[in-house]
Structure formats: structure tokens, C-alpha cells
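Down below are the structures I want you to see.
Note that chain A is present in both complexes that follow, paired respectively with chain B and with chain C.
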Partner chain A sequence: MVEVTGVIADLASFGALVGIFAMLALALNLQWGKTGLFNAGIAGFWGLGAYVASMITTNPVPTALARPGHWGIDQAAFPAVFGVSTSFSMAIVVAAITAAVLAFFIAIPTMRLRADYFAIATLGFAEIVMNVFVKNLPGITGGVEGIAGVPRPFEFGSEIWKTNLSYFLLVALILVLVFFLLERMVRSPWGRVLQAVREDEDAAQALGKDTFSLKLQSFVFGAGIMGLSGAFFAFWLRGVSPPPNSFTAADTFAVWVIVIIGGSGNNRGVIVGAFVVPFLEYFSVRAKDWFQLGEPLASQIFYFRLIAIGVVLIVLILWRPQGIFPEPKHVARRPRWVVGR
Partner chain B sequence: MTADVPAVLRTDGVTKTFGGIRAVDRCSLAIHAGRITGLIGPNGAGKTTLFNLIAGLYAPDEGSISLRGERIDGRPPFEIVHKGVVKTFQIPREFRHLTVLENLMVASPDHPGERPVSALVGWRRVWDREEEIREKAAGVLSLVELDRLSDADAGELSGGQKKLLELARTLMLDPKVVLLDEPLAGVNPTLTGKLLGIIEGLRDRGSTFFMIEHDMDVVMKRCDHVIAMHQGRAIAEGSPEEVRQNELVMDAYLGG
Partner chain C sequence: MVLQALLNGLVEASVIVLAAMGLSLIYGVKKFPNFAHGDMMTIGAYTAFYFSSTLRAGIIVGLVASMVFLAILAVVFEFLIFSRLEGRGPVPSLIASVGLALILQNAIRVAFGTGQLTYGIPLPDSWFSNVVDPLTGQQVWINPLQGIVPLVFAFVVVLIITFILQYTKLGKAMRATADNPDLARVTGINVGVVRYVTWALAGALAASGGVMLGFRVNGIQPLLGSSILLLVFAAVILGGIGSPYGAMLGALVIAIAENLFFPFAVLTNTPLEFVLIVPFGIMLLVLLLRPQGLAGRPLGFDLPPLRAELRKLVESVARTWRHLRG
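Showing the complex of A and B:
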């Protein structure tokens, strides 16, 4: 019995992480897959969402001699609805909005840049936010120590498998909502005009499209979803910690790999892709126990996932550059239900 | 001859300099409604630069451009399109992974469904408008005889079909003036005839075309009015016959 609950706890935790990365991948799929925006600063929006959510769901901690403190909100101020503190819903919404607002201000000066320069600008922004600001603001962000003791929305009893499973179900529900939201938006005339911008921005402009504004909308909306994913990551990890522990360029890279493997432009595809990358990590951590590996392989196998990702990418780009699931044809489709008369 | 028809598009002393080169140099000309006006001139005369200035891709250093008396120079390209001046590209710029029909539908102006919130909510009126646009696009496609290919990816079309698509896409905008940058370059004779037939048919229904063209045979036979440019300026204008016999034009072409 211990065996079964242990497996459930482990798989549920893994599943929730897949869901969190799937949200990031869906957001990047809007920005890159549909609009052609080379966002290389995913970790920045993700991390910002995670930090904001952490501050909203924890009590403030003053800086003591040995440990940096961080901002927070007195949790007694949040009323509980059906036994769940409203601080969580507030944290999720504010995390998404903060990331979106930041994206707006970053986009204003950088959106006119060509794709490659835009990538460098967003990468630089993410590094500045996480490495310069977050790390060096003890008293606000917890400095290099980050924020610990972030709770999860549902803590059913003390058994780990119950809390992990309920958290997985919550993330899965949110992922489904995000999926349908994005799918509806992308499979509309708006999605079609974004795709036109992606294919040929000059031509879209020559047809009277305000391409700057369209790119801005896509970028800001995508960043908001990245912030939302960050909030769920903070709950999952029960805390946040700055680079090099979390929110690094490697995380940004992982989301890119997910989108390329799954199929750029296909929302179902990137959710499948979101399974692959975390699975390689999940597998490489546990392989030494599963296969009773001896040294030196036992301590080295963890790093084989990096080789595996590289091999998968090369094989895919050579033989199936459109990803596992190619982009669907016929962008805009009348949805099953419409609003109004 | 020119005075009795009102000018729809006018440039006054327009100048554009790139580094030390005056690509367009105090160029003044007028385009009259309901005509096909040809723009000729040797390579480097500034024809394409002038088109880009009119379309708003560059702002002129000096001078003004006006559409029916309203200044449009210095406005962003998408606003100029909304005011009714649409330019085609010399090399077709189709949206490769959209279908032929979608290429036309995406060109339609003022689609409420192109706003993210209405896309998310999915108003019925958005999708009703979408149907209207689909019907209009289908009509334009049959006009240019691409209706059989409406479901094909635009990237799969032949070079000539892409030229047709390029023209069809601009028609979705109901433009007041269409700027055609070498619409016949690299097009076979049969398709040339078809394209010119479509353009003339639209002209007869009141559309105005301003066309850069190198094929003198086409310019002489098909244009209603011709403007010749040399070294950034309009050096002659008039009927095709008048321009052909103009000495300045002959000198320009013979390297004068």
C-alpha cells in the first residue's frame, strides 16, 4: 500500500510539472508559433509570476541578521471560500497581470526590432530581472535565498499523495481552460491575421494591418499566461528560489524544445511536447534506482537527458521539421457556440 | 486633356535622399480617377522609390503627397491603406501557409474578429461578418479565375498564379488607387493578357491604377495615360503616343 501511494504521489507531482510547462509552451506557441515572435525571455515572465504569487500567498518576513526577508501579505486578511483562502485566486490573477504589464513595457521599445535582435533583447531582459533585480533585493524578494513556505491551494490532510494528486487535478483543470481559451482565440480571424504577420509582416502592413499592435497583443497575452504558469510553479515547488536554481535560460530553452518537438503552431502538439522534456528529467533522476545501476553510470545518467534532448532535436529537425503534430490548415473556424443574437 | 478629370492622387515636389543619392528629386505628378496610368523610366529613375513614398513605406524628405486633397505623406503604411491607396509587390508576397481563400479573407479591412477580445468571446456578428467576407473573397477569386485553387496553400501556387493572387488580395480592400509594381514581370503572354483584361475590366467600373511597367508594347496599347521619370523627376506626361515622341524621354532611354 505504501508502494502504490508513493507511486501516485510521484506521478502526480510529475504530472503537475508537465501541466505547468504545457502552459508555458501554449503561451510560446501563441507568440512564436502563431506570431513569429522570438521570445527568449520566457524565464523572466515565468519567474516574475512565481515571485508575485509567492509574495501574495505568504506572510511578510522581515530581514533578520542571518537571513534576508521578503514582502508578503498578512494571510489573515484573506477570507476563505469553501475552506480555500482567496489569496490563491488573487495570486494567480495578479501574477498573470504583472507579467503581462511588464511584457507591454518591454515590447514598446523592442517590438520593432528584427526577430534575432528581439530575441537578444528579451533574453537580456530576463537575465536582468532575475539575476540583477530579484537576487539583489533582499527584504523584498528574499535575495539569493528566495521565498520558502509557499502553500498549495488544496492540502487534503497530511498525506503527500492526496495533496499531490489534488494539485495535479487543479493544474490539469487550469491547463484545459488555458488550452480552450487559446484555441478559441487562435482559430479566429485574429489568429489568422497573426499568422499573416508571421508569414510576411511587410505584406500584412501593405494590406493595412497594424502589425505593431497585433504583435503587441500576442506578446502581452502570451506573457500573461507565462506569469500564470509561474504562479502554479511556485505553489508546486512550495517556494521560489532565484537563478541558478530556477528561472534560468535553460528553462527558456526547455520551453523552446517543447514547442519545436510538439509542433510549432499546433496547440495539441505542444501539450504532447510538454510531456517529453520533463519526462527525460524524471526518467534520468530515477533510472539508477529502476535499473539498479552501478557507478559510474548511476551518477552520470542524470546528464544523459541533455544528450537525449539533443538527439531528439537533431532527428526531428532532419526528418520532421514541422514537429510531431504539424500546424492545422484552415485557421479560423466558426466555434460551436457563439455569443449574442 | 488632364484638366477635365479630377486628380485623385497628387505628389508635389516630393524628394527622397538615400545617403548622397536623390532617388526621387522634386517629383510632381497627378493621377486621375478611372484610368490606367503607366509609369515608365530607365532603371534607377526612382519609380519604385516613388511608389514606396506614396504607400508610406518611406516618409518624403520634402514635398507632399495628397489623396483627393488630403495629405497622406508621413502617415504609417496601414493608415494609407485604410485611406484607399494599396500597393502590390514586384515579387508576390503571399502568406505561404494560409490557403488562397484565407489570403484574401485576411486582407479584408475592419474585420471585428481581428480584435483579441472579440476573438475570445466569439460574438455572433463577428462570425456573420466572417461569412460575408468569405463570400466576397470567393467572388473575387472567381473574377481572377483562382476559385478552383481556393483551398490550396498559397505557397504551392505557380509564379503567375501568385501574381493573380497579389492583385486579388488588393481588390478585397476596395481601393481608390492601386499601385502596381511591375505586375507583368515574369508572367507568360497568356496570363499577361488575362491580368490586363482584369485590370481593364476594373478600370471600366471606375477603379484607378498606377502601374510601373517596362514592356513598352503594353504601355502603348493598354495605358490611358503615361508618366515618364528620369533621375528622380517626372520629365514628361501625356497620352502614350505623346510620351513616346517626347525628346526628353528618348534621351533618357538612350542614356542622355
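Showing the complex of A and C:
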């Protein structure tokens, strides 16, 4: 029984991480796949969401000599509904909104830049947010130590339920909601205009579309989903820690790998692609035990994982830039009132 | 402290300029930002380490060998990856360069470990001048290995690059290709060869920049080059994309502004880590106000004024609001 519980808990933990990355990839797919915005600052929005969620779901820790301390909210202030503290729902919503607000202020000056400049600018913003502010504000963010002891939503009931399974189901539910919301949005007239902006911004503008505002909406909404994913990542990790442990440029480009493998513009493909990065992560952690690796290789396998990501990125860009699942061509259904053939 | 900051800025500029000229050459000729440039610098620093410490060939041999090695490596990158992405816009090459950066950085970690290594050159005593800084009352100082060597080396390299670009046929061909590849081709320039030469030159510059950065911080580690990549981008954008002379000016401005932040931070009690905001802020201002950079000519794309965009945004919000109100 212990064996089975352990395997289920392991798989559920892996599945939850896949779901978290799938949310990031769906958000990037809206920004890049549909709108053509080269967001290289994913780690910034993701990290901001994670930090905000961590602060809302933990008690404040005052700064002391040996520990940096961080902001928090007294957990007793949140009423419990059916035994679950409402601080979680609060944390998820506020994390998404904070990331979206940050995206709004970043977008206003940088949205007008060409794709390559936009990439440099967003990369720089993520670097500033995570490496300068979050890391160097002990007393607010926990400084270099981050925030520990972030709880998960359902930690009660039987042992299997308590470990990881309930959390996996929650992430899966949210992922399904996000997926259908995004599918609905990109198939709406709004989504079609976004694709027009991606293909030819001047043409869309000539047709009277406010392309700046459309790109802004897409960027801000995508960043909100990234913040949401960050909140779930903080719960998953039961804490947050600043770069170089988490929220680095390597995370940003891991999401890019997912979108490029899955096929930019194809939401289903992107979810399939989301298995790749967590699998490599999981594999590099477990390979040591599975293959009885000796010492130099056992610690180097983490770096081989990143080398593999780089190789996949280059190979796909060279030979299959549309990804495994290319963007589906949507043809409008023939309206019922059209008479004839 | 201000005088000292200016001097430190000058030394840092000499390291940045080596990287920035290479990045700018690639940006000009290949039209994409090379995110692997920082890790190419790191590879250069480690190659020099390998030749000088492991093979015991001396640091001069190490420097030359790393420049040659990186030049060859850069040509291989162009041959295997970037020449095949020609004509697909900046984004595929940019993504490929990110993949390359991941490969290079982690290959170093596998080969040399993650710890800090040194060239094994004993650090000479610093030179103290008679000039006293008015703010701190301390003498202005510079270390011969950490300061003078990069400064002199970068000065010589800048002169050589200027000569190549300005007075040789190769340099003229490079500038022509950067300006308009199609026009360069019909004039009889072999654009493909020019691209390979540009990569080789940029690789050698990156390697020398990496070695000089290793001297300056007196140690090398796997994130050596990528940690200053944002500064190098800031210098290149400030100077004007694809303009190596602009990159020199940009490096000088960025490095001095960054070093002037330190006395300011001490006076105002700001954490020193906030220094990254200075180069990034300058970069952003330049992108917004003068995207062609200090030395560059206007780019071929049209940028509407910020005020008009903001007005449009406010109008669209107001329209949505009126719509919601009915």
C-alpha cells in the first residue's frame, strides 16, 4: 500500500508541474502564437505571481538578525469555507491581477517596439523585477532566502488525498478552465483580429483596428495567466526562492521550448509540449537512482537537461518551425441563413 | 569617489566595448540580437584558462588561442545554424541563439564544474596616484592587471577594428552588407563570405572580452559572460544597432553611468544591487526616444509618438466605458 501511495503521489506531483507549465505555455501561446509578441520576461510575471500568492497565504515574519523576514497576512483573518481557508482563492486572484497590472505598465512603453527589441526589453524587465527588487528587499520578499512554509489548498483527509493527488486535481481543473476560456477567446472575433495583427499589423491598422490596444489586451491577459500559474507553482513548491534557484531566464526559455515543440498557435499541441520540460526535470532528478549513476554524471545530469533543451530548440527552429502540431486553420462555419450550395 | 568611479567606469567600458563591438557587428550584418554572445565570452575565458593553467602555455598564448578557437567556433555556428535561418526575419535566429546560449553555458558546467577558477596569475599591487578624490579623501588607485591590461588591450583592439572597418576592402564590404545585403550582392560582394568573416571577427572579439573580464573580476565562472549581457545590449542599443563606433560610445556612457551609481548609492543609502536599473533605464529611454541610437541613422520602421498612442489608449478605454454604461 505504501508503494502504491508513493507512486501515486509521485505521478500526481509530476502531473501538477505539467499543469503549471501548461498554463504558462497557453499564456505564451496567446501572446506569441496568436499575437506575435516576443515575451522574454515570463519568469518575471510568473515569479511575481508566486511571490504575491506566498505572501497572502503565510503569516508575516518580522525581520530579525538572522532572517530577512517577509510580508504576509495573518491567516486567522481569512474565514474558512468547508474547512478550506479562503486565503487560497484570494491568493490566486490577486496573483493574477498583480502580474497583469505589472504587464500593463511594462507594455505601455515597450509595446511599440519591434519583436527583437521587445524581447530585449522584456528580458531586462524580468531581470530587474526578480534579480534587483525581489532579491534585494528583505523584510518584504524574504530577500535571498525567499518565503518558506507556503501551504497547499487541501491538506486534510486521507493520506493519498492529502499528499499530492488533490493538488493535481485542482491544477488540472484550473488548466481545463483556462484552456477552454482561451480556446473560446481565440476563436472569437477578438482572437481573429489578434491573428490579423500578428500576420500584418499595418493591414489590420488600415482596416481600422486599434492594434496597440489589441496587443496590450493580449499581453496583459497572458501575463495574468502567468501570474496565476506562478501562484500554483508557489503552492506546489511550498515556498518561493529568488534567482538563481527559481524564476530565471532558463525558465522563460523552457516555456518557449514548450510552445515551439507543441506548435505555436495550437493550444492542444502546447499542452502536449508541456510534458517535455517537467519530464526532463523529473528524469534528471530520478535518473541517478534508476541507472545507478556514478558521481561526475550524477550531478552533471542537470546540465545535460539544459543542453538537451537547447539542442531541441535549435533543431526545431531549423527543421520544423511550426512545431509538432501546426496551427489549425479555422474556416468559419457556413451561416445557416446562406441559401444555396 | 567620483574620480575613482570615473576611472573604474573607463576600465569597465573597455571590457564592455570588446563584447559590444562583436555583438553590434553581428546585429548589423545578420540582423538579430545574439543572445549567445555572453556565453561565447565565457567560452573564450575558459579556453584561455585551459591553455594557460592546464597546458601551462602562458596567458598570452591562452589569449591568442582562445581568440582563434572562438573565431572558428563562430564560423561553425554560422555554417550549421544561422546561415540556414537567413531570410526568415530576426525571431528564428534569436530563438536559435537562446538555444545555443543554453548549450554553451551548460557545456562549460559539465567540462569545468560550476566553481570559480582563476588564471593563477598573482595579483600585483595596485598603483596609487597622487590625485586625491575630493569626496573621500582617498588616493585614486588602479590595479595593473585588473585595470591597465584591459584598458590598453581594448584601446589597441578598438584601433585595429576601426582600421579594418574604415580602410580595408573587407571592412567596406562588411559595412555595405550591413547597410543593404541585396545592393551589396549586385555590386559584386560575396555576402556569404562577409557573413562568415563577421562571425569570426565577432567570435575573436567576444573571446578577448571574456579573457579581459576574467582579468577584471580576477576569476572565471560559468555565468561570467551572460551576467554582463544586458549591459552589452544596453551599450549596443545606446550606440545604435549595427554601428561599432556607436557601440564604443555606448559602452563608455553605460559603464561610467553604472559606476557613478555607486557613490550615489552610498550617499543615499540605496542597496548597491540596484545598479542594474541604471543601464537598463538608459537602454529603455533610448529605445523609446531615439531607437536608432546615438550614432545610428533612422531605422527603416516607423514609430508613432508615445503621446498619440497614450491618447488613443485613453480614448479606447473611455469608449469601452461608455459602451458598458449603455
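Definition applied: the second predicted complex is superposed on the first by the 310 of 341 C-alpha atoms of A that agree within 3 Å, B and C clash if a C-alpha of one lies under 4 Å from a C-alpha of the other, contacts with A are read in each partner's own complex, and residues count from 1 in each chain.
One rule holds for everything that comes next: a residue touches a chain if its C-beta (ideal position, glycine included) is under 8 Å from a C-beta of that chain, and two chains touch if they have at least 3 such contacts.
All values reported here derive from a predicted model rather than from experimental measurement.
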**OP:** With the two complexes superposed on chain A, say which partner A:184 touches: chain B (first), chain C (second), both, or neither.
**Re:** first
**OP:** Return first, second, both or neither, reflecting whether A:221 touches chain B, chain C, both chains, or no partner chain.
**Re:** first
Subject >> Which superposed partner A:192 touches (first chain B, second chain C, both, neither) >> reply: first
**OP:** Pick one for A:7: touches chain B only (first), chain C only (second), both, or neither.
**Re:** neither
Subject >> Partner chain(s) touched by A:205 [first = chain B, second = chain C, both, neither] >> reply: first
Original post:
Is A:327 in contact with chain B, with chain C, with both, or with neither (first, second, both, neither)?
Top reply: first
Original post:
Thinking of the overlay built on chain A, is A:173 touched by chain B (first), by chain C (second), by both, or by neither?
Top reply: neither
Subject >> Residues of chain A at both interfaces, chain B in one complex, chain C in the other >> reply: 210
Original post:
Which part of chain A faces chain B closely enough to touch in the complex?
Top reply: 181, 184-185, 188-193, 195-196, 199-200, 202-211, 214, 217, 221, 327, 329-332, 334-335, 337-341
Original post:
What residues of chain C sit close enough to touch chain A in their complex?
Top reply: 32-33, 81, 84-85, 88-92, 94-96, 98-103, 105-107, 109-110, 230, 233, 237, 271, 273-274, 276-277, 280, 283-284, 287-288, 291, 301, 303-304, 306, 309-310, 312-313, 316
Original post:
Which chain A residues qualify as touching chain C in the complex?
Top reply: 38, 108-110, 112-117, 119-121, 123-124, 127-128, 131-132, 135-136, 210, 212-213, 216, 250, 253, 256, 260, 300, 303-304, 306-307, 309-314, 317-318, 321
**OP:** Please give the residue numbers of chain B that touch chain A in the complex, ascending.
**Re:** 55, 76-79, 81-82, 86-89, 93-99, 102, 105-107, 109, 111, 113-116, 118-127, 130, 153, 169-170, 173
